[in-house]
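Below are two complexes that have chain A in common, paired first with chain B and then with chain C.
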Partner chain A sequence: MADDQIVSDLLVFIRTQFLDGDPAGELTDQTPLLAWGVLDSFKTARLVGFIHDELGSQIPPDQLNASNFQDVRSIAELVRSNGGQAKAAQ
Partner chain B sequence: MTLHQLAIDAAARHPHRPAVAGAGGELSYAELDRRANALAAVMREAGVVRGDRVAIWAEKSPDVVAAMQAVLRLGAAYVPLDPATPPARAATVIRDCDARLLCGDGPLLRAAGDYGAAPGTLDLATAAAPGGPEPVNEPVNEPVNETVNETAGADDLAFILYTSGSTGVPKGVSISHGNARAFVDWAAAELAAVPQDRFANHAGLSFDLSVLDIYAAFRAGALVHLVPNGLAYSPRRLVELLHEQRISVWYSVPSALTLMIREGGLLERRAPGALRAVLFAGEPFPITKLRELAAWTSARLLNLYGPTETNVCTFHQVGPADLERDRPAPIGMAAGGDTVWALTSEGDRAGPGEEGELWVEGPTVMLGYWGRDPQKGPYPTGDIVRVLPDGGFDYLGRRDHLVKVRGCRVELGDVEAALAAHPEVDEAAVIVVGDGDDARLEAFVVPVSGRAPGLLALKRHSAERLPPYMIADRIHLVAGLPRTGNGKVDRAALGRRANHHPAAGR
Partner chain C sequence: MTQDLGSVADSGTSHYVDLPAGRFHYRRWAPEVPAPSAVLVHGNGGTWATWARVGAALGAAGMDVLAVDLRGSGASVRPPAGSYGLREVAGDLDDFLRALRVHAPLLIGHCWGGAAALALATGAVADRVPPVLSGLVLEELPPDMAATATQPVVRDFLRMMRSSPEYVAKWVDLVCRDWHPVDRESLLEELRGADVQVYLSAIDEGAAAGPLLPLLARVKVPALVLRGDPRRGGMLSDADWQLARECLPGHCVAGELPGSGHELHRGDFAGFMRLVRELLATVA
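Coming up: the complex of A and B.
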């Protein structure tokens, strides 16, 4: 459940910050974010800032790699394994 | 002299000094040398020979830098790819340069295969030490490989940097050993680099800024600290790194520095005593922020200029008089043994006070674009400059629709063409909104009648054709594009519309 909440927090952030609210409702937790050009290095940094500030998880530099950021599901797993929590759970 | 001779010489002179550090540890020059030789042996085994290209698609690490040296030591050329490059685009580049080998991180290697780019692959995690992965910070007891050091002529290819190119057709800037050495030797001399220096490498390895960080450090026997790709725009982490790693020479796009000032608290701490030079290039540095930076540190502030095709071809050291002006610092005078001049629209050489396009001739000018005719004679930059009384130049703007977003070159026509190639799109126009670290690409898309393509669908479509920094951030679906009197798209009107109709998000 906590994991689902993290997924939903990440989806909301990406939708509002990078997808103009995703009016067509296209984003899912398995959308390939790098392959489809949703994340670049600048946007990834903003996402990492959000994860640190809002979900309380500091991602070590060696885990900031393409495979950990391929989709929302893998990012949620990364957040959880680094002690992050959903906003509602804090 | 070859580019790879720099690290080989440094290993002989300063074997125990640190050469390269980053995620995954640190390598001394002796370790870097051994690892480069070991990787060269593995690559040779995989069939790489003199004159080949080897694509490198990986997160930055000391091992990746060793792999670049290994490729050069075999007389081959490396083609670095940003790890965030969408696989379809990476596969296009790998095919375009006809790479003999793709070298990098396992997941990326598999992704390239999925998209039909299938040269031999070399997983760096397992390749460096035969018999399995080995953390780079362990004591080195590797078998001693023979030194691999193929000679290369000044005009032999050293690396290819892919930049903005027409849709689907990547444009590889081919840089020779002679081009790179002219630039690196100039930079190391201008900086008076010494073994005690600690260079920060902020730019990705596929960008030309990284050439200075890595090879000026090697030339001096100094350290280069690799900023992980994922931290490049994390302002607080960058400020921490600057202090903790006691960086003495920092080089980045101005956007990274302005972000560190605005959101990273850069100026709230005392300037680190080790910091002696701050270099920036790729776009104009807003003068207000440059004044703040100059007031904060006594380090030399150097504005470097040059398209990827020419490496750095002019530079200027920021002085008090520059800070009193209300425009960005000059791009200065010729560097790297080049000759630069401006031609007016009438084709005359521009004198002081006059404007014209900047032309460059000299040793740092590229061999040409990969697979196309060689570059012959002087190179027209497409940049409009004004000649200053001292013979230096002020940058004024572009003569075409090439723009810079956080230092990355974006050809708006390519972004538009990629969007227009989508089956549900009739027409598209793209503009840049905002500037500096806040710049973004906004597209105005006229859909085919009755269709409403989604933002994600259009991004996906673009990502298969363009590098990640050229994908539109925001897309407005519109009934038609505004036109000027002569029928051209009215970009000024689009700019006003973008500002008046902020879509959701920022």
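Coming up: the complex of A and C.
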């Protein structure tokens, strides 16, 4: 359940901040964010800031890499495994 | 005009010059014969290294290129807080040009460096007679220095300045993964060497100059004003950009590089150089 809430928070953030609300409903937790160019340089920085500031996850340097930012599911696991919590749980 | 640099250290040679404010470091790409000059001015938190590829490219094109470390930056003098207004920084630039007898350079400034270059070129802030310039490139000129404080790229920069070297290195590799390796290296150098107090002073004290975009109306030389995409970290909103274009005299041009954010010269080096070359053609 906690993971689902983190996934939800990430989806909402990406939809509202990067995809103009995603009106076509294309974003899922398995959308390849890097491969499809959803996360460019600026947006990656925004997302890392959101994870740190809003979800409270302290990502260690060795986990700050592209493979952990492939899709929302992998990012949620990164958040959860590093002490992050869904916004509603804080 | 492209260079295959292996690292930042391969680009240009280091020199120092004593100015009224203290000793300043600069990097130079000097041709063997007299040539038109270009002076490159970095942004807040930066150093000459941000221009490693641009300097090398302009040097390879036959220009005499100098990239200065502004006060409080890189290997230049670091005065205490209270001396980082645009008046002081533009004054340093004027002293730099005079001390090295740089005649009629193309002045290229990024963000804070662009604000200082504009202040110098118009004489609006520096209370000095503007030096002779051949042209001006203002990349991501902020609407005013105060406005930079709330920009996401500034918050990121502050966060990275306060993070561990290991974290910063991984962050740069991830966030700037599409950049040329030399540009990633230069950003990493800047983040590791930047002084938080100087960074904040440049914002707070630079704000005293007030709105910068109206100063564009006073530019007398050919100028290229560039903004990044505000959806990707560019500092000028659409309203700011409209004002900038309204203020620009007819002999100046406004340019954008789709897809690039605040760091156009590193994020889209080829596009940046193309626009600079176009300006140089009109200057020549």
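Operating definition for what follows: the second predicted complex is superposed on the first by the 90 of 90 C-alpha atoms of A that agree within 3 Å, B and C clash if a C-alpha of one lies under 4 Å from a C-alpha of the other, contacts with A are read in each partner's own complex, and residues count from 1 in each chain.
The rule is simple: a residue touches a chain if its C-beta (ideal position, glycine included) is under 8 Å from a C-beta of that chain, and two chains touch if they have at least 3 such contacts.
Computed from a predicted model, the values in this text were never measured in an experiment.
Trainee: Superpose on chain A as described above, then tell me if chain B and chain C fit or clash.
Mentor: clash
Trainee: I want to verify the contact counts: of chain B and chain C, which reaches more residues of chain A?
Mentor: B
Trainee: Between chain B (first) and chain C (second), which does A:65 come into contact with in this model arrangement: first, second, both, or neither?
Mentor: both
Trainee: With both complexes superposed on chain A, which partner does A:49 reach: first (chain B), second (chain C), both or neither?
Mentor: both
Trainee: Regarding the shared-chain residue A:41, is it in contact with chain B (first), chain C (second), both, or neither?
Mentor: It touches chain B and chain C both.
Trainee: Would you mind listing the overlap between the chain B footprint and the chain C footprint on chain A?
Mentor: Of chain A, residues 40-42, 44-46, 48-49, 61-62, 64-66, 69 contact chain B in one complex and chain C in the other.
Trainee: Considering only the defined contacts, which chain C positions touch chain A in the complex?
Mentor: Spelled out, the residues of chain C in touch with chain A are 152-153, 155-156, 159, 164, 166-167, 169-171, 173-179, 231-233, 259, 261, 267.
Trainee: Which residues, counting only chain A, touch chain C once they are in their complex?
Mentor: For chain A paired with chain C, touching residues are 40-46, 48-49, 52, 60-62, 64-66, 69.
Trainee: Quick one: which bits of chain B touch chain A in the complex? Just the residue numbers, please.
Mentor: Chain B residues touching chain A: 23-24, 59, 82-84, 86-88, 105, 107-108, 111, 204, 228-234, 237, 406, 452, 454-457, 459-460, 462-463, 466, 468-469, 471, 473-475, 503-506.
Trainee: Using the touch definition up top, name the residues of chain A that touch chain B in the complex.
Mentor: Residues 16-24, 26-27, 31, 34-42, 44-46, 48-49, 59, 61-62, 64-67, 69.
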